[in-house]
Structures are given as C-alpha cells and as structure tokens.
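Labels run A, B and C following the written order; every chain starts at residue 1.
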Amino acid sequence: MDFIYFIDLLGTMVFAISGAMAANRKGIDVFGATFMGFVTAIGGGSLRDVFLNIRPVWVEDGNYLIAIFVGVTISILFNKRLDSFARTLFLFDAIGIGFFTVVGVQKSLSYESSAIAAVMLGMFSASMGGVIRDTLMNETPLILRKEIYASACLAGAVCYVLLQMTPISENINAFVSASMVFIIRFLSVRYNLSLPSVPMVEKEE
Amino acid sequence: MDFIYFIDLLGTMVFAISGAMAANRKGIDVFGATFMGFVTAIGGGSLRDVFLNIRPVWVEDGNYLIAIFVGVTISILFNKRLDSFARTLFLFDAIGIGFFTVVGVQKSLSYESSAIAAVMLGMFSASMGGVIRDTLMNETPLILRKEIYASACLAGAVCYVLLQMTPISENINAFVSASMVFIIRFLSVRYNLSLPSVPMVEKEE
Amino acid sequence: MDFIYFIDLLGTMVFAISGAMAANRKGIDVFGATFMGFVTAIGGGSLRDVFLNIRPVWVEDGNYLIAIFVGVTISILFNKRLDSFARTLFLFDAIGIGFFTVVGVQKSLSYESSAIAAVMLGMFSASMGGVIRDTLMNETPLILRKEIYASACLAGAVCYVLLQMTPISENINAFVSASMVFIIRFLSVRYNLSLPSVPMVEKEE
C-alpha cells in the first residue's frame, strides 16, 4: 500500500514537471508554470473522480499538492538541464501513464462503474491531464496528434479488465497491464509507429 | 420508457458520429476519432450531471458507450460517403438536440434544480458536447459562431419550463418543446438566419 | 450574511459583464455573449464546488442566473460606452476576485478540504472563470500571460489560511486577505509589474 501511494505521488510529480516544462518553454511566468503543473498533474484523476461522483484525492490529502510543488520547483531549477533529462523523463512518463491507467481502472471498478466505463476512465486518468495542458496552451492536444499515447493506455485498460475476469491475481494483472502500456508507448516512440487515420475526403464546405 | 431510452442511445450515436467525423476530416488517427466521438457524445450530459452532483449515466450503463463505438465505426466505415449523408445527419442532429434539451430540463427539474437553472442545464446537455469538440479541435466553438444552434435549445428549454406550469401533459409538452428546437434549428439553416451581434466598438487596447 | 450574499451576486454580475464584453468585441451574437457571460461568471465557483463534490450554488438559487442576465444586458445596452467604464470595471473586477478568493477558501475549509487544497480552490474560484472564457474564445488564457492576476488571488488565499491559524477574527481576516488580493492586483496593473519567467532554453525537437 505504501509502495502504491509512493508511486502515485511520484507519478503526480512527473506530470507536474511535464506541465511546468511546457509553460517554461513558452516563457510563461513562474505562477503560470505552477498552474500548468497543477492542472496537468491533477487533471486526469480529477475528471475520473468527478465522473465517479467522489472527491478528487488531492482535495483532502495535501501530499499530492506538495508533490506537485516539488515537481514545479524541479522544472524551474533544472530548466536548462531538463532537456538532457528528456530521455529519463520520457521513461518516467511512460511508467507513470501505465501506473495511472491501472489505478484508474481499479478505482472505477471499486466504485461500481461498468467494465467498459472503467476502461474509458482508466484511459482518462492517464491522458486527460495532458489534453487539458495542451488545450490551455492553445495547441492541438497530443491525444489528437499522430502519436500513440492514450491508445497505449486504452490497450492496458482493456487488458486489465479482461484479465480481471480470469483467476490471475490482481497484483499480477496490474503489473502485466501497466507493463503493456509502457511497452506499447516505448516501442511506438522508439520505432516511430502510429495508428492509421481514416482516408480523407474532399471537404465540401 | 423503452422508446425514450432507445432515442437517447440513438442521439448519443449521432453525436458520436459528428465528433468522429470532425476528427476524420482533420486526418486524426482512429483512436483520436474514437476519443472525439466519445467526448462529443457524452460531454453535454456529463456536464449537466456533474453540476447536479449525480453520476453521468454512461458510468453505470455500458450501452451508451457501445452506442458511441457504433457511431465511431459508422463514421470510419462510411467516411467517404458521409458527406452525401450530410443532410440526413443534419436532420438527425436537429432532432437529437431537441430531444436532449427536453431530457436535460426534465432531469434537472427532477433533481430539484431551480427552473432557470433547468433551462441552462437543458441547453448545456444538448450543446456542450459540441463546444468541447470544437475547443479540443482548436476551433472557435460553433456556439460562438453566427449560427443558431444552442439558442434553439435555449428556446425549447424555456418553452418546456413555461408549459410545465400549465395543465398541459408532460408528454405533449416534451413533444412541443423538442419540436420547437428542431423547427428553429431547421429554419435557421434553411433560410440562413442568424441572431444580431452587439454593435462593435473601437478596441482601445 | 445578507451583505455577503449581495456582494456575491454583484461579483457574479461583474464577471458576467467581462465575459459578455469579450464576446461582444469579437462580434459574436447576443446568444454567444450570454453564454460567455454565463460561463465566465459561474466557471470558477462551479469548478470549486465540483471538486468539493457539492452542487454549485446557482443550480438551486436562481438569483445568480438573474444576476448574470443583468450583467449581460448591461454589457449589451452599454456596449459602446463600456470602454469608458473600463476603469470602473477594472476596480470592480479587482474587488470581485479578492472577495471570491476569500469566499472560495472559506467554503473549501468548511467542507473539510486540506488547507493547501483550500488555497488552490480559493484561487480557482476567482480565476478559472476567466481561464474558461479565454480558452473558449481561442485565446491564451490571461492566467498564462505576463499579468499578475491569479497570483494575486493565490497570495490572498495563502494569507487567509495563515491568518486563520492565529487568534485574528474571521471577519478581519477576510477583509485583510481580500484587500491583499485587491492591492496586489491594483498595484501590478498601475505599475505594470510582472513575475519573472524561467530562463528559456533551446528547444530540441
């Protein structure tokens, strides 16, 4: 339990770094960077919890906000060197979305969502923070670009829900499903893979 | 009841088609199209339910998500021909927003919102999915362009709340109010009508 | 109590004016202006309440929506002259965000959020309406530009939470904290102050 909690805080911090870095790159002030770190880190999980009609965890547990401030501080202090940490950050992020996906599915199921809604909410948990980040920065969300990100989360969430119907233990299931997200994400970036888009048609208007 | 439920699923599917089509037109991958179909279809109703502090219906009833996947699949399979179905889709959409407006008002009132809040929430139910779709696609939302869309919903919602204070039966009221939305929407597109904007002033800054 | 309620309605109206004015300036129709007035006025408080898992106040108390319609009507009737009222509006807005920040912190604490979450939610209450307004208008949110706005709210929220641990009475605390927001906001615009941004780095990608 303590381990899960620690990973959750770590993942929150990594998301905060990614949000704050996006702001720093655009020359936004330190407050804006903090704000972006915050919404990126809590966006996905909060949306999941709002749809489950429960309170987001950070409203009562201040540690999540502290993790975010640590992440923002790291992004500011090490801003000039963060690009050389880009590979490390990418790995952390890929691990983080795998973890968040599984936690999201588990939490949704434990609050009695349908299995198919749990899949969507698990995917949301891991990817909506980034969507909000990109939308606020006035960019096309990553999720709508030709990169395999949220679809890796979707695959992991489907995997978890399916394995959960088998006698496989919950811990093994969590590990396998989170790993699937990580591996798909890692391979897709490594080999520059992308999903096909639907053949275009002439736009009438 | 079964009829209403069926219409609700059908309307959800139509919204999913419109969201996925918007994505397909921009060459976004199949996952992004699914995502856009999803947020377009559930956005309005979910926002209403979140404000009413209840769970969105799709969290527990998987059929809504299945309706969305069917809608997305249709948009992908028939993408090249969907433009020739544009007129049919427009009619479905106009019927759908009428229906969603009335259902939104009814649900809000049954959860004890004020009458004026029910009007806003009914309008939200029918139009916010499109607002979220356009915002994520980095476009000015339809609701802010010179087209009569959400204002048709607003008119129907006001109509429902007013008629509901008379002895007219709920079913007739629902039919009249939904028809009003449809007719206003249909005529405004047919005759290219729009609301006036407020006379511009010189921008000082 | 009546005084607080009156100020709350007044602040809601001022936010509605600012949202509707933003729409009017872009030549958006009267419905769009009403819509923008609405989301700007209720956005921040609603988000706070959704995270606290309670119903936004306007869902049950119709007076808030009436205040919004009054604000929108003012923005339409006096559109040509509103720019000459710009200074007055700025003062109202600066008072409004101070008030909303304090009310947001108080409400969050009374619903048992952590102190640090109350700070974030107080800041959210006062500033997220504007973020939603700017995002829908397809502009970079004010909060991400080089203006001291939400950071003034943050300072006031921190002030309230700290003073609240001292024997100072709640009313004095509220007055001091709201005044701090107002003064920071006022001085920053008067003397064109801004927070530093993090030094830029070469973008690798």
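The rule we apply is simple: a residue touches a chain if its C-beta (ideal position, glycine included) is under 8 Å from a C-beta of that chain, and two chains touch if they have at least 3 such contacts.
From a predicted model like this one, the values you see are computed outputs, not experimental measurements.
Novice: Have a look at which chains touch which and call the overall pattern line, ring, star, complete or other.
Specialist: Contact map by chain: complete.
Novice: Fitting on CA atoms only, what is the rotation between the copies subunit A and subunit C? Please report it in degrees, nearest 5.
Specialist: 120
Novice: Hey, how far is the Cα centre of subunit A from the one of subunit B, in Å?
Specialist: It comes to 29 Å between the two C-alpha centres.
Novice: Could you pull out the residues of subunit B that touch at least 2 other chains?
Specialist: Within subunit B, the residues that touch at least two other chains are 50, 53, 135, 138.
Novice: Quick one: in the complex, what on subunit B touches subunit A?
Specialist: Residue list for subunit B touching subunit A: 23-33, 35-36, 38, 46, 50, 53-56, 58-62, 65-66, 75-76, 79-80, 82-83, 86, 135-138.
Novice: Of all residues in subunit A, which touch subunit B in the complex?
Specialist: 50-53, 108, 112-117, 120-121, 131, 135, 138-141, 143-146, 148, 150-151, 154, 194-204
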